[in-house]
Structures are given as C-alpha cells and as structure tokens.
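Dropping the structures in below, format is structure tokens.
Below, subunit A partners subunit B and then partners subunit C, in two separate complexes.
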Partner chain A sequence: MSDAVITGMSVASPIGLGTEEHWKSVLAGRHGIGEVDRFDVSGYPSRLAGQIRGFEAADHLPGRLLPQTDVSTRYALAMARWALEDAGVEPGTTAGPGAPADYDMGVVVSSAQGGFDFTHREFRKLWSQGPEYVSVYESFAWFYAVDTGQISIRHGLRGPSAALVAEQAGGLDAVGHARRTVRRGTRLVVAGGVDSALDPWGWAAQLAGGRVSTAREPERAFLPFDRDAGGHVPGEGGAILVVEDADSARERGAPRRYGRIAGHAATFDPPPGSGRPSALRRAVELALADAGRTAHDIGVVFADAAGVPELDRAEAEALRAVFGPYGVPVTAPKALTGRLYGGGGPVDLLCALLSLRDGVVPHTAHTARVPEDYGLDLVRDEPRGLPVRSALVLARGRRGFNSAVVVTAPDS
Partner chain B sequence: MGERRVVITGIGVRAPGGSGTKEFWELLVNGRTATRRISFFDPSPFRSRVAGEVDFDARAEGFGPREIRRMDRATQFAVACTRDALADSGLSPGAVPPHRIAVALGTAVASATSLEDEYLVMSDGGKDWLVDPDHLSPYMFDYLSPGAMPAEVAWAVGAEGPVTMVSDGCTSGLDAVGYAVQLIREGTVDAAVAGATDTPITPIVVACFDAIKATTPRDDEPALASRPFDATRNGFVIAEGAAMFVLEEYEAARARGAPVYAEVSGYATRCNAYHMTGLKKDGREMAEAIRAALDEARLDRTAVDYVNAHGSGTKQNDRHETAAFKRSLGDHARRVPVSSIKSMIGHSLGAIGSIEIAACALAIKHDVVPPTANLRTPDPECDLDYVPLTAREQRVDTVLSVGSGFGGFQSAMVLQGLGGAAR
Partner chain C sequence: MTEPMDMNTLRRILVACAGEDEAAAPAGDILDVPFTDLGYDSLALMESAARIKQEFGVDIADDVLTELETPRALLDLVNGSVRAGRPAEGVRVA
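After this line comes the complex of A and B, so read on.
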C-alpha cells in the first residue's frame, strides 16, 4: 500500500501565523490567551479566549473573497496557500512534468462550527430587518463544507474531497481520511481543520458545553492534567497539511517531507451511563497496530488534554494502560492556544512533526501539579530534547469521539 | 481473497408525503407530489413559500420528552430512520462487536432548526447582538457543533467504531454512505449505519436560498412547483427528510441470511473547483465522478439500467447534469431512463442523496423506475428520457445515482442488485 507523507504544512493560531512563528512560541512557552476583545464580554461568565491577532485578511486573500467569507474560512484559505507553497506545489500555474494536476488533488477539512460569526450577522439581519437583507453569500459561508469548497476553488483541486465534523476529533479524522484517499489513488490531499466562533452567540454556545474555564488569569485558565484544572479556554485557528503519496512526492521532487502518517484510528465511546469503558484506549491501540508499531516505539504523546479533571483522568488512565505508568513523555502545547475544535488535532500533528524534525518535545506551559495517580510523565517547565522517531497525537470530541494518529520520521 | 464487498441490508426513510419506507415508495411509484405551502412558519415575507414538509410526530415515533428536548429535529429523523433500518435488516444487537460498527451521518445544515429557535430566545427575537447567556440552552453547544447528531445515531446502534458526520453540503447523502462503504471495504469495520438527514425548512435557510433565487417562486401551485428538466422550471423546492441504511460486508450478510437490497459497487466524488454555487455547462467533473464510480464497479456504461438524477429543478443544474450524462454515458445516455424524485419530495439538501439511494435500492427490489413528476414541457436543452409523470416497470439491476452541491461537490454511486444470488 502506498505511503502517505506530509510534504507541506501551515498553521494559524493565537501564537503564530505560519509554522516557524507558531513553533517558536510553543518552545518559548508564549501563550496567546487574553480577554475576548471582539465584543463586550463583561456580561458573560467566561472571558478568556485564544484569539488570533494581527491577521489582516486583505493581506492574504483577494478582495472578492472578503465579503463572502467567515473569519474561519479566511484562516483556512491563507493556510492552504502557505501549505501548498511549503510543499512546492502551485496548482494551475507551474504544472510541469510530474506535477499533480486537476483530479490528482483533493481537499479534506474539518470544521466543527462552520462560518459562525458570519452566520450570526445574517440571523440578526433576518430577524431585525427582514429576509431581503440576508447576504447572497450566507447559503455557503455558513455550512461545514465551506473551507473544503473554497480551497478547492482557489487552487483548482478537483480530486476526491470532503468535510468531516466530529467536534475536536474531526481534524485528525480529516487527516486520516486524507491518507485513505491517497491510498485509494489520489496523489495529494490538502487536509486539516480550522474553527473560530468568537462572536457573542458563538461564545455563549461554547459556554453551554459547561467545560469552559471561568478563571481570569491567562496563565491559570487552562491547566491540562493539573490538579487545579478547571476547564479549557476556547481558541480559534487550526492547521493545514499537505498529505501526499510518497511516490508522487519523489516524482515531482518535493522539497521536503516532515514525516509519514503511519497509523490512524477512530473510535466512539459507549452511551453515558452504560457502564462500558471509554473507547479511547482502543483508539490508541488500533492506531499503533495500523502503524505497525508497539507502545515501545512511540517517543511522545500529544494528548487531547481536556483540562477537565475527569477527562484528564480518563486520558491518563488510557495512556497508563497502553504505555505503563510514566511510560512515555506526554505533552499538551494547546495550553498556549486554547482548545481549537476542528483545528486542534491538526495543530498538534504539526507540532508532533516538528518534534520529529528538531528532536525536541515542547512542554505543557502552565501545568504545575499533576496528581501522582495519573502516572503521567508530563513534559513540564521547559522543552525536552529527545530524538523522537514516532509520535502519537490524540483528540477527543464532545459526546464521545476519539481519534488517534501515529506519525513517524520521514526516513523511518 | 477478493476485495470486500458492501451491501445494503436495511433501510429507514422519513420523507415528505409518508412516514416510512413503504409510504415513501408508494408515493414515488404513483408519481404523486408531496410539496405544499410552508406550514411551519408564516412564509409570506419570503420569495419562495413552498416546501416538502414531513409530518413527523416525535411522540408517536417513541421519543421521550427529554429526547425531544435534547435532539434537534434532524437528529430525531436520523434516529427514527436508524431504528427502522436496524429492524429492517434483522441485525440483532451484539451480532457485530461494537467496535466493528461505524456511523457516518450526512447533513448540510445540521441543527439549523434548533439554532434558529435558540437564537430567537437568546437574542430576544433578533434584538440583541450580545445574546443573553442567562437564556442559554444546555444543548446549545450541540447545535453549534453538531457532533451530537452522529452521537445519537451511534448510541441508538451501539456503535463504538469510527463515528463521524460527513458534511459536504448537498452531496452529503451520497458521500456519507460512500465514506462508510470505504470503511467496510478496507476492513476497518464489518458493518455501518450510514445515511443522511436535514430539516432546513426554517426562516434562515429559506432566506439563504431566496437571496440567490435558487428556490422556486412558484408559490401559487405548490404541488406543481418542483419541475426538474421541464422548460418552465425556475428553482428547487426546499424539503426535509432523512434516510439511513444498515451496510454490511457481503459475506457476513450472506452468512446470516440477511435480506440484501443491493450492493454498493462503486462510488466517487470530485470537485468542480469553479464556483461555490455556480455550475459550468459542460458537466465535466460530474462526468468524471460517474466514470470513476463505474470504473470502481468494473462496469461498462451500457450496464446502467436507470439513472437517478440530482435533478433539482434549477435552470443550471438540469442542463449541467444532462451534459454530464452525455459526456460520461455516451450514446447510452439517450437510451437509459433518467428521473428525479425531487419532483415529488423536493430537495432536502444533505439528506436527499441518501433518500435517493433508498429510492434506487427499492427500484432494484421492485423492478420499477420512479418517474419525474410535473414534467410536461420538454426543454430542448434537456433532451434525454426523463420518465415523465408515470413510473415504468422494467428490469432494474444496475443503478447510477448522482448528486451535485454547493462548494462544487459532484458525487456518483453505483448500486447493483445481486440477481439470483441473494434476492
């Protein structure tokens, strides 16, 4: 079966626009959490978010796309361009011999929230002014497939494409499906996830999940695996990866390979109250088996790291069951960005690939005291130099989604 | 060992004009239309005031008060169809281990109904931009990020394998089934519950399509409003509905003596990379999806007995699609019957692809091609055999079903009866 390698990637997050800026912030432990400043948040019980700053949409998108795109789609479009540039692929412009074209390239992007800020404005127009005020773009700026469709159109990608929704697990599922698509014969798939819903309605809706921190200090608000964990901080952004058939990459002389998508598995938890165990452990075991690896081979785990005590405990338990107590370094750089929903898994995957590249595992910035019985070797205080060859990335989605991806060094 | 094959062993449908699979099929073979003036809200401020509404009584369907509050209408549809499909398949609980069962649920606008209800409460009828957190439903997050929809299906099935929502706009109903078929073929799971649901008859969604004049303004003749391939067509009729399927690996289904409707033998999707809502005249990308789906099924195009068209009834779609059929099927396009059931039940966005798969499976089972209702004035640009008005009894072994949607998605699926083998 053909190998799926990562030949390009990009990120837009509260701590960086672009791979290297984001990675520098991660290693420096620089967070991007602050009080929501896009509306007056003072009337809401939670006020802290990971917001992207300094993103001027007009610098990244042609003017005609501005009136028709939600902020999340603008991030998606900017990232897709950066990732394709990074991969040395310029669809439609420099298609020389050996270059993929047309049906050879697809798009699979996860969005858990759709174009929500945009759609809130249209709901408001409808109900405060009337149907004739609703934007001609609302029909597609809102729906979950908008990022996939807009990326396909902008870059002329006509291959098999999809949009997946599985709350925070959807981004890893998208990468898994991109690998499946490559294995079924498509040369290259632009894959990942992105989300943003930092308008008042989107914000209130996120609070309804009941897991958003009400803390006021940015460094104390999102403490994965800490005994003081009190919920997460919502964030915005995501990452886009270019998942490519290894032969295709060779054929066109791709400038770089960050790693291989060696394994993927998704599982779903039994209904609440069933008494059956969570399916997270099985997702880990199936992803390892899919990668042809054992627990012993894994150099680091990028955890889902919910920041909610019972969820942290469940994840620690699953990791302990597979790797043994303190059996593998675990980290959660998402403490710096907040929880990114569909974008979260792909951002962790990008960090995992950079850990493989640079031989360094980032730390979990603000977590200080991990309960002893978690049995976790959580990388804390500062990055840890480690010659990592394989990494496991986990994501869980509200209501029971589990997704696991194993990435390995490009030469492994 | 040959490649694993995937068959449909159970069907559940909620569509306009009838409450279950049997009524749905009767409506289609009789060529009756189920489109009517919108009754869910006062449609008078809107340009398009007709819809395909489902008469759905959640209590009578067995949903308890808490389930009704928790689940969006689209979720209730999906769960009701799931229960029917499981019963229809005869698959007993525990016959397949939970982790070997997947769920793939398609939808375009997901929990739009609940989103709008909650918006009106939180914004006080649209007045407040800073919506009031004191009027927040505990389920609001599930409407924002609709993972709860496939979750409810998974719980109804007892599935603990991969569970996801495939949300590719109006091709979701084909793509969700296609996704699940891939999971079974590759061996990730042995069975899946897949299908799609949408309940978009809400002011915001109606206004969306009004804004771009995609829906018909033929408000005076609701029953005659959906006119695919007719020269007088002027837009689609928005609708709601759902269809869910039990899909099983063929050998396992055969071993347990399961009723088999059809094999899903080919599936492909492509993007037109052209426009979020517009279609080129030439149908090139849909033709490519059809070619790839037939290729996967290892079928010559002349094997197709019936084409279930997307046939939405917009000017551009029906022309685009006709071109795609000619391009992909060649001369056979002029011989094979092509019809659109949207003429009878409207266009339920992400759900319709699955409802059409149900129609195709039933066409194979009954050897009947459903008609295109309301097709009275031929359009010179749409010059194929669209089975106008009256259903046709004929042998139906191999069916092609296609879908086209916003974002540029073009999908095609091939279904085949198993002939003497298992029918």
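After this line comes the complex of A and C, so read on.
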C-alpha cells in the first residue's frame, strides 16, 4: 500500500501565524491567552480565550472572498495557501512534468463550529432590519463544509474531498481520511482543521458546554493533568497539512517531507451511564496496530489534555494501560493556545512532526502538580531534548469521539 | 436628467456586496463587460440586487436577474423602471 507523507504544513494559532513562529512560541512556552476583546465579555462567567492577533484578512485573501467568509474560513484559506507553498505545489500554474493535475488533489478539512461570527452578524440584521438584509453568502458561510469547499475552489483542487465533524477529534480524523484518500489513488490531499467562535453567540454556545474554565489568570486557566485542572480555555485557529502519496512526492521532486502518517484509528465511546470505559485506549491500540508499531516504538504522546479532572484521569488511565506507568513522555502544548476544536488535533500533529524534525519535545506550560496516581511522565517546565522517531497524537471530541494518529520520521 | 442609478453607484454596490480584487477590479469602463468576466457570479448579483432594492426600491426577480449579462443591462433595467414609472416584467418598484 502506498505511503502517505507530509510534504507541507502551516498553522494559524494564538501564538503564531506560520509554522516557525508558532513552533518558536511553543518551545519558549509563550502563551496566547487573554481576555476576549472582540466584544464586551465582562458579564460572562468565563472571559479568557486564545485569540489570534495580527491577522489582516485582506493581506491573505483576494478581496472577492472577504464578503463571503467567516473568520474561521479566512484562517483556513490562508493556511491552505501557505501549506501548498511549503509543499512546492502551485495548482493551476505549474502543470509541468510530474505535477499533479486538478483531479489528483483533494481537500479534507474539519470544523466543529462552522461560521459563528459571520452568522451572528447576519442574524443581527435579520432581527433588526429584516430578512432581505441578510447576506446571500450566509447560505454557505456558516456551514461546516465551507472550508473544504473554499479551498477546493480557490486552488482548483477537484479530487475526492470531504468535511468531517467530530468536535476536537475531527481534525485528526480529517488527516486519517486524507491518508485513506491517498491510498485510494489521489496523489495529494490538503487536510487539517480550523475553528473560531469568539463572537457573543459562539461564546455563549461554548460556555453552555460546561467545560470552559472560569479562572481569571491566563497561566492558571487551562491546566491539563494538574490537580487544579478546572476546564479549558477556548482558542481559535488550526493547522493544514499536505498529505501526499510518497511516490507522487518523489515524482515531482517535493522539497521536503516532515514525516509519514503511519497509523490512524477512530473509536466511539459507549453511552454515558453504561459503566464501560472510554474507547480511547482502543483507539490508541488500533492506531499502533495500523502503523505496525508497538508501544515501545513511540517516543512521545501529544495528549488530548481536556483539562477536566475526570477526563484527564481517563486519558492517563488509557496511556498507563498501553505504555505502563511513566512509560512514555507525554505533553500538551495546547496549554498555550487553548483548545482549538477541529483545529486542535492538526496543530498537535504539526508540533509532533517538528519534534521529529528537531529532536525536541515541547513542554506542557503552566501545569505544575500532576496527581501521582496518573502515572504520567508529563514533560513540564521546559522542552526535553529527545531523538524521537515516532509520535502518537490523540484527540477526543465531546460526546464520544476518539481519534489517534501515529506519525513517524520521514526516513523510518 | 440624472439617472437614479449611475455606474459609480453600481460599482460601489458591487464592491460592497461581492468584493473586488486585482485580477478583475471593477475600475475603468466596465459597462459592457460581462459579469462573468468581472468575476461576479449569480450569488454576487443576488446580493447586489438586494442592496439595489434597499436603496432604490427596485425589486428584480431572480429569474430576470440571472438573464442580465452586463452592468449596462442592469442599469438600463433599474433606471428604465424608475423613469417609466412602469417597471419591466419581473421588476417591482416600491
């Protein structure tokens, strides 16, 4: 079966626009959490979010796309372009020898929240001015599949494409599905996830979920695996990866390979109240089996890291069961950005690939006291130099989704 | 007599509703340039038509709108309807 390699990637997060800026912040432990400043958040129980700063949409998008895109789609479009540039692919312009044709390239992007901010503005017009004032672009700007569609249209990527929704697990599932698409014969797939819902309506919806931290100090608000964990901070952004058939990459002389997607698995939890354990452990085992690897082969785990004590405990249990107590270094750089929902898994995947490249595992900032019985070797305080050859990335989506991806060094 | 809606007004509405970019900026003389060449698709025209209705009280039916190929055709329809006080078929004047 053909190999799926990563030949390009990009990120837009509260701690960086672009791969190297984000990675530098991760290794420096620089967080991007602060009080929401896009509306008056003072009356809400939760006020902190990871917000992207300094993103001027008009600098990154053609003017024609501005009236029809939500902020999340603008991030998706900017990242897709950066990732394709990174991969050395310019659809439509370099149909030279070896270059993939339009039907050889697909798009699979996950969004958990859709276009909240755009929709909120249009709803305001609906209620205050009347239905005929609502933008015709509302018809698709809200929709979970819009990122996939807009990326496909902008770059002329006409191959098999999809949108996946599985809350925070969706972004890893999208990458898993991209690999499946490549194995079915599509040369290249633009894959990943992105989310943003920091308008009043989106904020209310997030708070209604009951897992958003009410802490007021950015360094104390999202403490994955800490005994003081009290929920998560919502963030915005995501990552886009170019998942490509290894032969295709060779054929066109791709400038780089960050790694291989060696394994993927998705599982679904039993219904609440069943008494049966979470299916996260099974996702890990299935992803390892899919990769033809054992627990011993994994150099680091990028955890889902919910920041909610019972969920942290469940994840720690699954990792202990597979790797043994303190059996593998575990980390959660998302402490710096907040949870990015559809974008979360792909950002972790990007960091995992950079860990393989640079031989360094980022730390989990802010978390200080991990309960002893978790049995976790959590990388804390500072990055750890480790010559990792393979990494496991985990994501859980609310209401039962589990997703696991194994990535390995490009030459392994 | 001045037309109720001139090209500059239409240009402003098109840009506000559907954006502009370097590739097909609606600068210069675009009166007879097809909307498709300008990069304005049916959704862009629907959005613009909604604005024209709000500003000029001229309501163009969707099926009439999709038959309009150029800015000149759109201007003629709107201005003709307002001037005549007797709208063309598929057009209502408030």
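Methods note: the second predicted complex is superposed on the first by the 412 of 412 C-alpha atoms of A that agree within 3 Å, B and C clash if a C-alpha of one lies under 4 Å from a C-alpha of the other, contacts with A are read in each partner's own complex, and residues count from 1 in each chain.
In this section, a residue touches a chain if its C-beta (ideal position, glycine included) is under 8 Å from a C-beta of that chain, and two chains touch if they have at least 3 such contacts.
Quick caveat: nothing in here was measured; it's all calculated off a predicted structure.
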Contacts of A:V136 with subunit B and subunit C, given as first, second, both or neither: both
Touching partner for A:Y326 - first (subunit B), second (subunit C), both, neither: neither
First (subunit B), second (subunit C), both or neither touched by A:F55: neither
Subunit B versus subunit C as contact partner of A:R64, first or second or both or neither: second
Dominant toucher of subunit A (residue count), subunit B or subunit C: B
Contacts of A:A204 with subunit B and subunit C, given as first, second, both or neither: first
Partner chain(s) touched by A:V107 [first = subunit B, second = subunit C, both, neither]: first
Subunit C-contacting residues of subunit A that also contact subunit B: 68, 132, 135-136, 139
For the subunit B and subunit A complex, residues of the former touching the latter: 45-47, 98-99, 103, 108-110, 116, 119-120, 122-123, 125-127, 129-133, 136-148, 150-151, 154-155, 158-169, 175, 179, 182, 186, 203-204, 206-212, 214, 268-277, 285, 288, 405-409
Contact set on subunit A toward subunit B in their complex: 39-40, 43-45, 68, 103, 106-107, 112-113, 116, 119, 122-124, 126-128, 130-132, 134-136, 138-140, 142-146, 148-150, 152-153, 155-167, 170, 173, 177, 180, 184, 197, 200-202, 204-210, 265-271, 276, 279, 282, 341, 397-401
Footprint of subunit C on subunit A - complex, ascending: 62-68, 132-133, 135-137, 139
Complex contacts: residues of subunit C adjacent to subunit A: 16-24, 39, 43, 46-47, 50, 53-54
